[in-house]
Structure formats: C-alpha cells, structure tokens
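There are two complexes below, and they share chain A, which is joined by chain B in the first and by chain C in the second.
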Partner chain A sequence: MISVKNLSHSYSHDDKLAVNNISFEIEKGETFGFLGPSGAGKSTTQGILTGLLKQQEGEVIVAGYNVKKVQNERFNKIGVSFEQSNVYSKLTAKENLDYYAKLFDVPTRDSMELLHLVGLDGKENDRAGEFSKGMKHRLTFARSMLNNPELWFLDEPTTGLDPAIAATIKDIIREQAAKGTTSFLTTHNMYIADELCDRVAFIIDGEIKLIDTPKNLKLQYGRKLIDIEYIENGKVVKETLKTVTEEDRRRIGEIVNNHDIQTMHSKEATLEEIFIQVTGRELV
Partner chain B sequence: MLSKIFKVFSRELKTARRDSMAILIIVMPVLFAFGITLFTPGLNDTTVNIALLESDDKSHIEYLEQFAKVEIFENREDVLTRVNKRDDMAAIMQKGDGYEIILQGNEPEIVEGYAKALNALYEIGANKEETTAAMYSFGHTVSPLKTMLVNMLISMTIMLSGMLIAISIVGEKADNTINAINVTPVSQTSFVIGKSMMGGLIAMVSIIISLFITGYYDINWFMIILVGLTSLILSLVVGFVQGLASDDVIEAAANVKMIMIPIAGSIVGYELLADKWQWTMYWSPFYWAYKANKLVLTKTADWPTILLCTGMVLVLSLVVYFLAKPKIREGLS
Partner chain C sequence: MKLLSSYFKEMKIAARGFYFYIEIFFAVILLVILLVAVNEKSVSKQKEFLYYDMPEAFKEFVIQRQIDKGALKLIEPTEFKMKAIGFEVKNEETGEVETYNFDAEIISLRTYQEYDLDTGELNKTAYIADNEEDMIRLAYQEQKIGATVAVNDQGERSFRYYNQGYETDKFVNLLYILHNKTPDVLAAAVESQEVTKLGDIQTLNNRENLVPVMVVFMGSLMGFFIVMAYIYLDKDEGVIRAFAVTPSSIWKYLLTKTMVIMTTVVVSSSIITIPVMGLQPNYFLFYLLLIISTFAFASLGLFISSFFDTISKAFGALYIIMIAMMIPAFSYYIPSFDPVWLRFFPTYPLLQSMKEIIMINTDLGYVLTYSAVFLGGGVLLFVLANFRFKKTLTV
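Now for the complex of A and B:
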C-alpha cells in the first residue's frame, strides 16, 4: 500500500535533514506505527506521503500513485486525520462533514452516523467554532473516515483527549483495521502503538532505527525485568534490573543478601522502555 | 470539475453570509448607491420632456426632437393635461407669430431655461452642429457628477470583491482548512475558481443593483458586465495575495484597500489630465475600466472602444496574475 525508498527531506533545502534516507513498506491491511519523540520527523514523513509537502529525494508510492505526480483522484482512497484539528469554524459539525463529503467522487458515509460514532451526536447543528479542542479533534477524526478510505493517515489520533474518548477512538481504529483498512499511525505514545499496531518503526532525528512487530520487540529486547525496593541507610531505594544479564543477576543476589527487601516485582518491559534501550533516548 | 467548483462556491457563500465583515462589504455598495440617489436628486433625469401640438411646424418638431424628448398631442387641452401631470414637462405652442412656453410651475428652473433656450435657438435658426456641445450633452445625458460617483462606486465594488476573497483566505488560514481540502480530489484550480466566483458574483450583483438604484436602466448591460468581469480579475488576484500574506481580517482588509490608491489615481488622471497626457495612465487597468464604464454610463460607448478598453484591462490584469501565480500556488499548498 505504501512503499518508501531512500526518502530524505530538508525544509531549508540544504544538508539539514528533517527526514534522512528512510525506507519502509506497508502491506495492505496493516496498521503501521510511526513512533518517535517530538521533532523526530513523523509529521514531515506523513506530510510527504499525503502530498502536502513536496517530495524531494527518494521514491514514494502511496496507494499505487507516485506522490511526485499531482493526481488528486488518489485522495478518493485516502483519509487523513490531522494532528491539529482543522474544520471550518463558521460551519456546523454536520455542515463540515456534508461539505467535505461532496468533494469526493466515491460513495461517502452518512455524516450523522459518523458524528454518533465519535460521540458528537446532539452537537450536529452547533458551529465548530464553538467546539472545545477535543470536540474539534473528534470532528477532524470523523471527517477522515467519510470516504471509506483504503488508506488512513492518523497523526496523533488520541493525543489530548480524555481517556474515555481516547478509548472510543482506539476502538474505532481497531474496527477499521478489522475491516481491512491500512493505517499509517503517527504517535509518540507507545501504549497506543503497542495496542493498535501490527508493526512499528522507531524514528529519531529523521532516521528509522528499527522496524518490527511489538511482539518481536518485546521478545528480543524486553526480557523480564525486576523492580526491587529495599532499605539502605534507613532510606527506601528502588532499582530496575534485567533477569538476563550476568551483571544484573549478581546485583539482585547482592541486594537480597545484604538488605531488607520492601517489595519485589517482576514485569514485562514496555515498548517505551524498549525504545529507550534501542535509541538511548526518552520519548517526550 | 464544474460540480466541485460549484460546491466550493456554495460553501463560500454560506460562510460569507455568516461573517459580519463580509456582510458589511456586501451591503456597502448598495448603501452608497442609495446615498448617491438621495444626495443628487434632480440630477436623476435632466432630459427635458416637451409637449407639442400635432399642428405645429414639422421643422419645429424635428428640431426639438434632436435635443429633447418630444411628445405630440392633438389639441391644446391634451397638452395642458399632460403638463399638469407630476413629472417635469414643458409645453411649447404657437401663439401668434411666436411661441409660448407653458409650465406647471413646480419644474426645476433648469427645465424652463432649457425649453426657452431651445426654442430661442430654433427661432434664430441654429442647427445641431452649430449648437455648443455643452448644450447637447445637457439635454441628452445624466449629470456628469452623478455618472462620476456611480463609476467610482463600480470601482469600489470591484475592489470589495478582492476583500471578500482575502477575508475568506484568512479564515481558511485561521482554521487551517486549506490542508484538509488539499487531501481531497478537489484540485487547487477548482478551489481558486470556486472562491473567485463568490467574490465575482457578489460584486457583479452589487453593481447591477447599484445601477438600478441610481437609475441607469437603459444602458448597455452586456458592456457593463463585460467590463465588470474583466476588471474583477485584478481585484481577485490582489485578494488572494493579500489574504495569504495577512494574519487577520483587519490586516487583510487594510492591505486590499491599498489598491484604492491606483484606482483613485486612475480616476483623477482620467477626469483631470488633458488629452495629450492621457497616455500617462495607460499602464493602469483601472484607468481603462473607468473609461469604459464612463462611456457605457453616458451611452456613448461603441463596441470597438469597449473591446479595446476591456482588452487592455485583461492584458494588464493577466500580467499581474502571472506574476502572482507562483506565490498563490505556494501559499495554497
């Protein structure tokens, strides 16, 4: 569905690269997570894939179209949910969807049904300008589904939403995935990536460090961890140690033998901890 | 493509109706038109109506017909009834060797003076060629002041269409909706044309309503519309460029207003410069538009001149358009 080869992008058209020589493929029906800290180049990549940014270096094929050529009809197959909500503030929620729906050449979904789906029923006749941030975000999200996209771009779909609504959005994404929609999901939230994505790419400073399934990553990097809390010089100290490295195992024995243990838990590494292990950076 | 343009266009209209600034811009020309009509009364129709008797000299009738609107009546009675109607009408009838002029009494002095002067001219045997040009235009056209005001109003309305575009673009920028449209099958061209149609149509409708309000019914409408449509191009281009360059509606409106300077300059140039200096204004599309509108409003326009003027407007506007095109394209992507 998406094929990216040696893609690079510089906003200043020089050797300062926001995206540096990245390559990846996304299969039909896959939910692909694009993960990285702020400024990593996620939105830049999505911008190029959706044609909003001019492609400079490399080769990008999206839904069968080379993005270098201007072919507007490809957007009949594509849905884009933006990081920053962008709806007409002078139009009502329903008018926003109805207007947008008319711009496509393919059958579109019913606006009321979509508003219901994102919990905006009852608000259909209110102007979007009067909406809260989260409501605008949901409207933008709902709009991206109007044309039943085969390929769905989701930039930070749950960021800034309250947990209940975020859960609804996650359910919708899962449902679409079950129907065979291919998704390109950009986020710096590892939990979402873990829950929703078939494969994830770690991106930092414009470069992809690794691409794999969350499960493989956990098997490979996320050996069991042990959290130990113990008393040393009258104070509680906490350490997280791996059960697989020689050094950490010796340290565990040392603590158990020499200190009063308060608590001791074993746990799975989260994707976030793996990210830190692989890239040496925090996800902020 | 056409249906997409229409969809963009109808959304534009809907949004404009909900924007107080846009509404102000839409009603302003109409208010001005009422203002012109109110403050230039009597200037509305200075064509003098003259009632004559059937039995009058044929040469006398023909002579007066050159300069005034003449109505012929069978007998004295009918003439007097006609004169007593509400509108301004002077009767000229033979009395002995000479003529007598009969008025209802409430006509402006101008009517009486004109009727007298005309008759006197006939009696001394002056023909049309010998009569002064001032006399001629006095009888057959609307007041030059009113024509000038209405012509200025047309220029202003054209400029307002640019403001409507700029406001709409600033709105899109504030809502960040251009990106959303750029990921639909709508091409940038359809988007631009749809928006332009909103600005253009509102301006044309305003101009037509204003012309009706100010009493210019029997002008050549094809010409007015042709001149209007061609002079819109430049204003729309300025609207797009300024909309993209401005951060809020007030700034955009102020920036678009700047084209009032060349507009005003062109009007002043046309009205005040001597014939041998008129060429110094040829660079300005507003000059050509103003000139064309003046000819149409005074009903002295012929197609070759109008086509020359609109041709000049078109060429000059297109030059600006092609200079601005890369900027607009970039700004909208």
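Now for the complex of A and C:
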C-alpha cells in the first residue's frame, strides 16, 4: 500500500534533514505505527506521503500513485486525520462533514452516523468554533473516515483526549483494521502503538532505527523479569531474575526446588522501555 | 458540482463572518453620503484669470453685454497676495521662451461670476487683470488657467491660453467648449476641429461623478483586501490542508474564493450605483467590467497571499498595493494632474472605463479593450496564484 525508498527531506533545502534517508513498506491491511519523540520527523513523513509537502529525495508510492505526480483522484482512497484539528469554525459539525463529503467522487458515509461514532451526536448543529479542543479533534477524525478510505493516515489520533474518548477512538481504529483498512499511525504514545499496530517503526532525528512487530520487539529486547519471594532460614528473601539469561534460569530452578515460594510474578518490559533501550532516548 | 457546492459553502461562511457585512455596511454608508451630503449641482470652484487685450471702451462693451444677458455678475474685487517669483513661459507654436521676474506685492482684481445661460448655474469665477503680465503671473501662482482675450481685424474674439504645461489635450479642448457655450462668443474664434469632435460632450453631476471612484474602491480595493483576509482565516484554521487531501483541485478552492468576492462586490456596488444612476448606465457592461476587474484584483490578492504565511507578514505588500491603486483617483478629480506614468496603474483605466459606462455616450471600444485586458491579467494572476498555492501548502 505504501512503499518508501530512501526518502529525505529538508525544510531549508540544505543538509539539515528533518527526514534522513528512510525506507519502509506497508502491506495492505496493515496498521503501521510510526513512533518517535517530538521533532523526530513523523509529521514531515506523513506530510510527504499525503502530498502536502513536496517530495524532495527518494521514491514514494502511496496507494499505487507516485506522490511526485499530482493525481488528486488518489485522495478518493485516502483519509487523513490531522494532528491539529482543522475544521471550519463557522460551520456546524454536520455542515463540516456534509460539505467535505461533496468533494469526493466516491460514495461517502452518512455524517450523522460518523458523528454518533465519535460521540458527537446531539452536537451536529453546533458550530465547530464553539467546540472544545477534544471535540474538534474528534470531528477532524470523523471527517477522515467520510470516504471509507482504504488507506488511513492518523497523526496522533488520541493525543489530548480524555481516556474514555481515547478508548472509543482506539476501538474505531481496531474496527477499521478488522475491515481491512491500511493505517499509517503516527504517535509518540507507545501504549497506543502497542495496542493498535501490527508493526512499528522507531524514528528519531529523522532516521528509522528499527522496524518490527511489537511482539518481536518484546521477545528480542524485552527482558522478561520474574520477581520471586521465598523463605530462607526463616526470613523472606526477594530476588528479581531475567528469564532470558542461562544463569538466571538455573537460579530460578534452584529456588523453586529448594525453597518455600511465597510469591512469584512475571513482568513484561514495555515498548517504551524497549524504545529507550534501542535509541537511548526517552519518548517525550 | 463540487465548484458549486464549494461556492455555497463559502457564501455560508462569508454570511456568518463579518467581512461580508463590513462591505455591505460600507456601501450603505457611501450611498447615504452620496445622497445626503453630496450636492447634485456642481458648485464650481473653477477660477480663471483673464486679460482683455483690446481698447478699454470695447472691453467694457463686451463685458457689459454679458452682464446684460445674465452671463456675468460683478462682485467684490478680490485681493491676491503675490509672491516674489521668477519663471519662464514657452509659446507652444513658436517655441519662443520668455522669462518673467516679479516682486512681492498685493494686487486687487475686478471679479465676476460666470453663469451658465441655459441652467442659470454658477460656472466659475473670472478675475480680470489690468495687464497681461499680472494675468500670467496669477495663473502661474494659483495654478489655474489664464487667458488673453483679443479682438482681430474682423472683430472676432480670440483667446490665448496660458496653461501649466501638464494638462491633457482633452482638458484644453474642454476650455474651448466652456467658452463656446456662451452664446455671444463668435464661433470663428474657436473653430478648431476638436471642438466639433467634442461638441456633444456630456458631463456627470457631482454625485454621479463620485460613483466610479466608489465602485472601483469597493470592487478592486476591497476585493483585493478581503480575499486575502479570507485566505488567512483559512490558513489559520488549517482548512486549506484539509482541502488539499481531497480529490478536488486547489484551483476550485481559489476560484470559489474569488466568486464569493465577486458576489459581495456585485451586491455592494449595486447598492451605490443603482440609486444614484438609475437606468442611465449600460448595466450589462457595468457588471461585466465589475466582475472581470474584481476577479483580476482578487486574483492579485490570492497571488500576494501565496508568498506570506501570515497576514501580518503580508501587510507591507498589501499596504503598498492599496496605496498605489488609490493614486489614480487623484487624477480622476484633478483633471490637470494626468502624468503618463499614472496610466500604467490598473485602477486608472478602470476608473475611466467605469466613468464611460455610466455616461450616456459610452466609449465602447475603450471599455471593451480594458475589460479584455483585465480578464487576461486576471487569468494570468489566477494561474500564477494556483501554481504558487500548490507549492506552498505546508504540513
């Protein structure tokens, strides 16, 4: 669905690169997470993929179209949810969607149904200018689904939303994924990526550090840990051991065979911990 | 279809914003000013300095005849405070140059008011100088027309004009006509060919004369400014970016903006023009030129706005262009100020064309030529703006 080869971008047209020689492929039906801290180049990449930014270096094919060529009809297949909500504040929620729907050449979804989906029912006749930030964000999100996109760009879809609404948005994204929609999801929230994405790319300073499934990453980098409490000489002793090293595994066996176990918990490293481990940076 | 729905949406947004009402409100204010504050009758502020180069008795005879007819009325003499001055006068026919030098002094001149015999209106004030040098000097200092009235062997009156040197031919011809209108002027004195050509010249009254300026002001300047305001409102809200990821093209977006401006301008210009002009103008030509010129200036606004992220950054360019567009209005009101360079300002031919349209004897060729020029320029600017907008959309 998306093929990116050696993509670079500089806003100042010099060697100061916001995106530096990145390559990746996204399969049809995949939910692909683009993860990185602020300023990593996520929005820049999405801008190029959606044609909002002029492509400079490399080769980018999106939904079968080379983005270098101006072919507006490709947007019939594409939906874009922006990081910063951008709706007409002078139009009502429903007018915003209805007007936008008319710009497509393909059948579009019912605006009321979409408003209901994002929890904006009852607000359809209110002007978007009177909406809260989160409501505007949901309207922008709903708008991106109008044309039943095959390829869906989601820039920070849940950032700044309260947990209940964020959960609704996540459910919608999952539902769409189940229907076969390909998504390009940009976020700096590792939990979202972990929950929603089939594969994730770690991007930092405009470069992709690695691409893999969350599961593989955890297997590979996640030191699965075990906390054990046992009785030794009448006292409670606590030890934390890794499941991946040979030595620790022998030690676990030893404890289990020779001691009275009080408690034993296993815990998983989060994607966030892995990110820090791989890139040496925090996700801010 | 997309264009039409975009247009209706933009109109809806415009109707919910305040720029639309500013323009309408402004038009109403201007109309009220025109109808209430501007007198339809022209109160002439024209002045003329005359020297009668003829025997005293004959001069008095000529003047007295005019007074008897009601064309002239003697009023209080006027005092002029003359500055010390030196200048040259060049005779256009012979090329001779004469130098004059004067000291400061106070001159008192016999003063007459000239009336139009047909309407009884006050036409202008005439000052009679005792010698030719005073007349020339006054004309120079006051920046007004001066003339020597003489009588030839056949008893025909002739005029020798002293102009400032920058008047148009049309203006000079108009001078002849003004004299020609006084019935006792011997036709032979002003038999130049221009006179017959311009013989049926029709003028606008004061109120009508303001209409072209207001229409051009509302159409071009406001169109130019408001289209930029709309673009920056949209840039602020980010809706251009949302538009850019739909199958619809940017040119349609830009065109709907100009269409909204054209609608607003048609409404506001009609508010001013129809009550003042009634059925006199050729409204087909009027709206044709109005729409075309508004399109051209709105396209200019689009083009300019493609270079700046925010309206405050665009303000310098906006300001300079608005001022430049207003300068031709001076020439419109001060006929003697008509330098050649001014004709290259787009509002110059636009003002003249609008004036032609609202007059009865419209110079169709002039109006259509400039309509074509504005259409061509507008399309070119629109294409450039579209090209620029496609390049400058940012994430």
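Note that the second predicted complex is superposed on the first by the 242 of 284 C-alpha atoms of A that agree within 3 Å, B and C clash if a C-alpha of one lies under 4 Å from a C-alpha of the other, contacts with A are read in each partner's own complex, and residues count from 1 in each chain.
Methods note: contacts are C-beta pairs under 8 Å (C-beta built on N, C-alpha and C of every residue); 3 or more make two chains touch, one makes a residue touch a chain.
Computed from a prediction, not measured in an experiment: that's the story for all the values here.
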**OP:** Superpose on chain A as described above, then tell me if chain B and chain C fit or clash.
**Re:** clash
Original post:
Does the superposition put A:Leu139 against chain B (first), chain C (second), both, or neither?
Top reply: neither
Original post:
Which partner does A:Gln46 contact after superposing on A: first (chain B), second (chain C), both, neither?
Top reply: second
**OP:** Could you let me know whether more residues of chain A are touched by chain B or by chain C?
**Re:** C
Original post:
First (chain B), second (chain C), both or neither: which does A:Leu151 touch?
Top reply: neither
Original post:
Which holds for A:Val80: it touches chain B only (first), chain C only (second), both, or neither?
Top reply: both
**OP:** Applying the touch criterion given at the start, work out whether A:Glu95 contacts chain B, chain C, both or neither, answering first, second, both or neither.
**Re:** both
Subject >> Segment of chain B that clashes with chain C, given the candidates 26-34, 44-52, 62-70 or 98-106 >> reply: 26-34
**OP:** List the residues of chain A that touch chain B in one complex and chain C in the other.
**Re:** 50-52, 54, 70, 72-73, 75-76, 78, 80, 82, 84, 86-91, 95, 99-100, 102-105, 140, 143
Original post:
If you look only at chain B, which of its residues touch chain A in the complex?
Top reply: 4, 7, 11, 14-15, 18-19, 171, 174-177, 179-187, 333
Subject >> Sites on chain A touched by chain C in the complex >> reply: 43-44, 46-47, 50-54, 70, 72-76, 78, 80, 82, 84-91, 95, 99-100, 102-105, 127, 140, 143
**OP:** Write out the stretch or stretches of chain C touching chain A in their complex.
**Re:** 1-2, 5-6, 9, 12-13, 16-17, 237-239, 241-249, 390-391, 393-395
Subject >> chain A - residues contacting chain B, complex >> reply: 50-52, 54, 70, 72-73, 75-76, 78, 80, 82, 84, 86-91, 95, 99-100, 102-105, 140, 143
